[in-house]
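Multiple structures are listed underneath, in structure tokens.
The two complexes that follow have chain A in common; it is paired with chain B in the first and with chain C in the second.
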Partner chain A sequence: MSRAAVLEGGARWRAAASRAPGVAYLLAALLVFFALFGPRFASAPNLLNIGIQSSILLLLALPMTLIIMAEGLDLSMGAVLGLAGIVLASALVAGYGLPAALGAALAVGLVFGVANGLLVTRVGLPPFAATLGTLGAAQGGALVATGGQSVVGIGPSLPALYASSWLGIPFSIWVAVAAYGAFHVLLYHTRFGACVFAIGGNRDALALAGVRVHAYHAAIYALGGLMAGFAALLLTGRMNAGHPTAAIGMEFDAIAAVIVGGTRFERGYGGLPGTVLGVLAVGVLKNGLNVLAVPSSLQVASIGLLLIAALLVDSIRGRS
Partner chain B sequence: MTAPAAWPLRMPSIGYRLLGVAALCLALALATDAFLTLPNLLNVMRQASLTFLIASGLTLVIVTAGLDLSIGANLGLSACFAAAVIQASGSVLLGAAVGLASGIVIGVMNGVMVTWLGLPPFIATFGMLWMVYGVNYWYMAGTTIYDFPQGFRNLGSGDALGVPVPVYLMAASMLVGGLFTRYTTWGHDIYAIGANREAARLSGIPIRSRLMLVYTLSGAMAGLSGIVYLARLNSAEAGMGDPLLLPAIAAVLIGGTSLFGGIGTLSGTFVGALILTLTLNGMNLLTIDTNWQPLVMGVIVLLAAWLDASTRRRAEARA
Partner chain C sequence: MERAPIQEPPARAVPRVEMRGISKRFPGVRALDDVSLTVHAGEVHMLVGQNGAGKSTLIKVLCGAVHPDSGEFRIDGRPVRIESAADARRLGVAVIFQEFSLVPHLDIAQNIFLGREPGSRFPGVVDRRRMHAQARALLDALGMDLDTRLPAAELGVAQQQMVEIAKALSQNARILVMDEPTAALSDHEIDRLFARIRKLKQDGIAVIYISHRLREVFTIGDRVTVLRDGRHAATLESARTDMAGLVRLMVGREVRTHRRRFGESAGDIVLEVRDLEAENGVHGIGLHVRAGEIVGVAGLVGSGRTELARAIFGADRVLGGEVRLGGQRLPGGPAEAVARGMGLVPEDRKESGLALTRSVGDNLLVAALPRIFPNRWYRFGTAARIVADLIARLQVATPSPGRLAKFLSGGNQQKVVVGKWLGAGVHFYVFDEPTRGIDVAAKAEMFGLMETLVGDGAAVLMISSELPEVVALCDRAYVMRDRTIVGELDRRDLTEENILKLAMHHE
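Up next, the complex of A and B:
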């Protein structure tokens, strides 16, 4: 296969776009279904609500897309998000300003992301085992630091920011849009992005071409940690507190959204537009079933079903 | 008896790990008087045996370079089904049969997804984890089923000849599993598939049917473990299997089974379960805050994976 062609910006974009339709049809079908059968589903407040609920997930799913494209995995994201949230909340409680608190949360995320990257690239651990280990470390760190208790009394600055809106669009949706824009430029218009595709495609060829593969590969994980730290801003704002177990399992939602969006563990396959649709599909499904008063346990089951259905549709399309 | 010729595969060295067990025991014996008592040691054996039972099927799956993330949820559903049937019918045998069948059905579904539908094991069993989890929470609807006949409870919490019953179950499944992997062609096929799938296919190994077998076994062991856990806890609720997935994976990795496939043993997994249980038991005896447990477990997983990666690199350097 010609890697040079894949590295071409336009070709990459077309490849991503040609993969998007599967999940786009799925999303459209879900929207039509819930609009027909769910009372109050297709109202502006509810649709905005889906956007707000999906924004944190998107912040994790964007870097997770890059990680999965590079044939990796990050199981530690939810735990790191939880720990960063504790640090953010504790810094606010201690009287530091919001910028300093956010800086501390980002630093925590970055430390774990870099650790994941080094464990995978330098130490040579399988991503599953490496990030499972750091999951334990981050979750344990958050539990030990708080004794399992919530960190409350974070003051008015963050909740006020979270509750603010501009042009009628809530703050968290703006954050999600900005994050998407940044990742889009990063993946499709920079050297780093080209390397992400190539690491998943053929990392030996990339190394032979003289690219410092390890550095780029580790940077993908570092970015994942950084975004988990950043997502603490929205999580803490939403909950008005820091809780050590609040984000447990969120990495699984992110992985599901990325896979539903068409990104695969192999050959640098996938793209960010699909991930947005995947995140929205998960969000719409949860919200719609909620509106239909389906028990939350079956909502969870339906996401597992959505995941497998998306893969099946994909493998059937691939065969024909 | 020497192993057949088809057993040249590199196995994890049990020696270092047994040394680790000995060091842990020594440290705990010195640190606390409560450790070297018969009840505590039997308790450690009981807990390690239970962890081994969940992790045993997973070991074979990982040897094929696969993964089964659904075992925790599977265990929970099997236990809840068994509990409901025992309460409704009064028949322990019928309940156990239903629980085991539920585990096997989930294992077969995993196998179908991985082999015939060609889905990646991580995602297929991950989707299954959520489906089973959701179905179980919906089925139980927040209720707990408890209080079972004493005869049934002995399966998990009883003793025979002074030894906990789960230890016999562990020994039996390790013996059968060990003979299977070591002395049968099918057992060797599993290692060959994990070591080099393409080579295995070219040498005529029926990959799909072997993988089906492995995922079915994993489901069956999860179902069996569900029944034993139910007997041990004397109660069933939807979330009972959820915390058991990560320790099972950790036990397999600590036991030297490689996520890259082709390398691993059931006895290694038991030693892994023992190391994990001793660590957690020691932390309990030393009254260390349970909040430290995820952190310690994470560090142990990283150490085990590092050991695996570094021995693999040394072997490749020699080759």
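Up next, the complex of A and C:
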């Protein structure tokens, strides 16, 4: 087998297609289905809308991909996002500038992320238990701080930023694109990225290579917290307020999107392009069902069915 | 004690590696006892010995994974301390273990440079172009024509092996340890590997090569060290020894057992296996066991002994052939096997043999429930009586039947696993490594128990890597190699030497 022949030209594309997660086909099927049966679905404003709706989810799903590749889980992301949103909104209400308010939200996220990382790596808790604990702490914190009420009156700066657009593309989509670019470089072009693959794929090999595995492992969770804090910018901007329960359960959409996108809990298998497709599939499904006026209770079930369908497609293709 | 013979090669410089008087004791076993090893630059030093002779422990000591109780190291004549894997690496020691240390979804270049990626102008960002160029150069030097962008998960075993070697060389290894590098390679691949090793020799690298294929001692080795029972048996020049001489050095361990009287009461055939082939890789298996017999299955690690046990028991999917128990064909599946009177005493009793967090009593009854309570109602009185009876019969040392299984000693745990089948009315037992991890006294009890079982008319298939135990205990033995049976030895021919001759590759 000549090395030139392995991955060049058409063969390379074919290899990519055979490795493309099942979600690529599901997403295509969903788009065709809703375009045929959903009036107004295929309109430009609606497609932009899907992008806007998906951008927050992508900010969570990107770090969640890394966490799951490292054979972990972060259940606290939605709750941390909610708490960071409260902090961001409160800071704006108190008259701080947007940069300071965002800094405070990032700090909240980072604290929870670092806590998750330490609980998992130093204390040795299973990620499920550790992040379930911090989920409770963050959610409780948000409710206590607000008494369950929304934080309103955040002033014009954030809503103005959120409503802005460049080249006809709204702000939140640019943020999502930038975040993807940063994560792409991080996972595929840095030592940190190689460590993510290795922590899931062969932790012993990494340790034998003399790498401080715990530090990198904890950093993955810290990154998750940081991104949850950052996502508060979009969430608060979209809602024009801080809402203690607004992001509850969003971690499950993120996990579903990551799994739908082909990342697996074993052996460090996965990748970011698949996660983008997974996020879009979730976004298209929710939006399409809305357009078709399907009751929201049924929409919840649909995400679960999407997850199962994606896994099924992958498992059938894996067998053949 | 007579000193073991050591043949030094004529007039050479300071040895690259010297390990002197290395001893290591694990609970219950003396893994290494005053072992010394000297390897020169440009030498391929073979390390051979039976399972458990101490080869792996010696290697783990050298790479810092195990700390010896005593002994000293010199590298290039200078005394050194190896406390950790990092120390070993700094000193130029690289080990290629049998279980590969590649990350499946990183590419070849990323695997070679894992943790040592060439940096770029930006901190933390890898210079991928430089990394792939360097990986390319390493592969070229090894004569490997592989795309450095291929993920490790898509490589064959031989290719993975070569990537491991490239990885070791990229660390500027001066001492390269290979643990059975040819175990999974084809003849063609082996030739290429050996060509590489000869090249490494020319470059002055010291190679320590562990092998179960004695032929390799003569094709690639300069000198050979034989370990036996944790001790240094001999170091010889390959050219001045032969296969028979090596085998003689490898055998001869004492096993303490009351010798049983053989060939008394072999009765009807209880188990018969014909042309068995299973998904786990065993193939062409034909064997039988008679009532009153202990039949051994011997072979080296990886020869497929455990897989054979699982296939017979129906725990792994059978592809062809048949297993007959008491003349009736088994349809497959452990439930059916147990119902017909077959019991497996597995190798890893803590994983597959016991429910560690349940009581001794629960464990003893678990397989017997359908038999003792045919109408499906659990009666505590009956259960307690049967448990008490089993504990007495097996002499399980436990303060009460309610004691959790995990608190028993290894030997007593093993008795509970056997007792589980005793209550279920089993008359054919498969013992997989019955003496692993139990002390000497418990071993003797275990042997006694097996003899009692066959004395009562049961049949036993005993899978063991402990050749002396097979020789001491079995009426007959089958020898496995490469996942099939390569020979049968009856009582007269059943010696360690004969088993080793069959089990090792030396055609």
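As a working rule, the second predicted complex is superposed on the first by the 300 of 320 C-alpha atoms of A that agree within 3 Å, B and C clash if a C-alpha of one lies under 4 Å from a C-alpha of the other, contacts with A are read in each partner's own complex, and residues count from 1 in each chain.
FYI, a contact is a pair of C-beta atoms (placed from the backbone, for glycine too) under 8 Å apart; a residue touches a chain by one contact, two chains touch by 3 or more.
All of these numbers come straight from a predicted model, not from anything done at the bench.
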First, second, both or neither for A:F128, with chain B first and chain C second: first
Chain B versus chain C as contact partner of A:G225, first or second or both or neither: neither
Which superposed partner A:V211 touches (first chain B, second chain C, both, neither): second
Partner chain in contact with A:N202 - chain B first, chain C second, else both or neither: second
If touched residues of chain A are counted for chain B and for chain C, the larger one: B
Partner chain(s) touched by A:A194 [first = chain B, second = chain C, both, neither]: second
Contacts of A:G262 with chain B and chain C, given as first, second, both or neither: neither
Residues of chain A touching chain C in the complex: 1-3, 6-7, 185, 189-192, 194, 197-198, 201-202, 204-211, 267-270
Touch list for chain C against partner chain A, complex: 85-86, 89, 101-106, 110, 114-117, 119, 124-126, 128, 145-147, 149-150, 153
Residues of chain A defined as touching chain B within the complex: 73, 119, 123-126, 128-130, 132-141, 143-144, 147-148, 252, 255-256, 259, 264-265, 295-305, 307-308, 311-312, 315
Chain B to chain A touching residues, read off their complex: 67, 113, 117-120, 122-124, 126-138, 141, 238, 246, 249-250, 253, 259-260, 289, 291-299, 301-302, 304-306, 308-310, 313
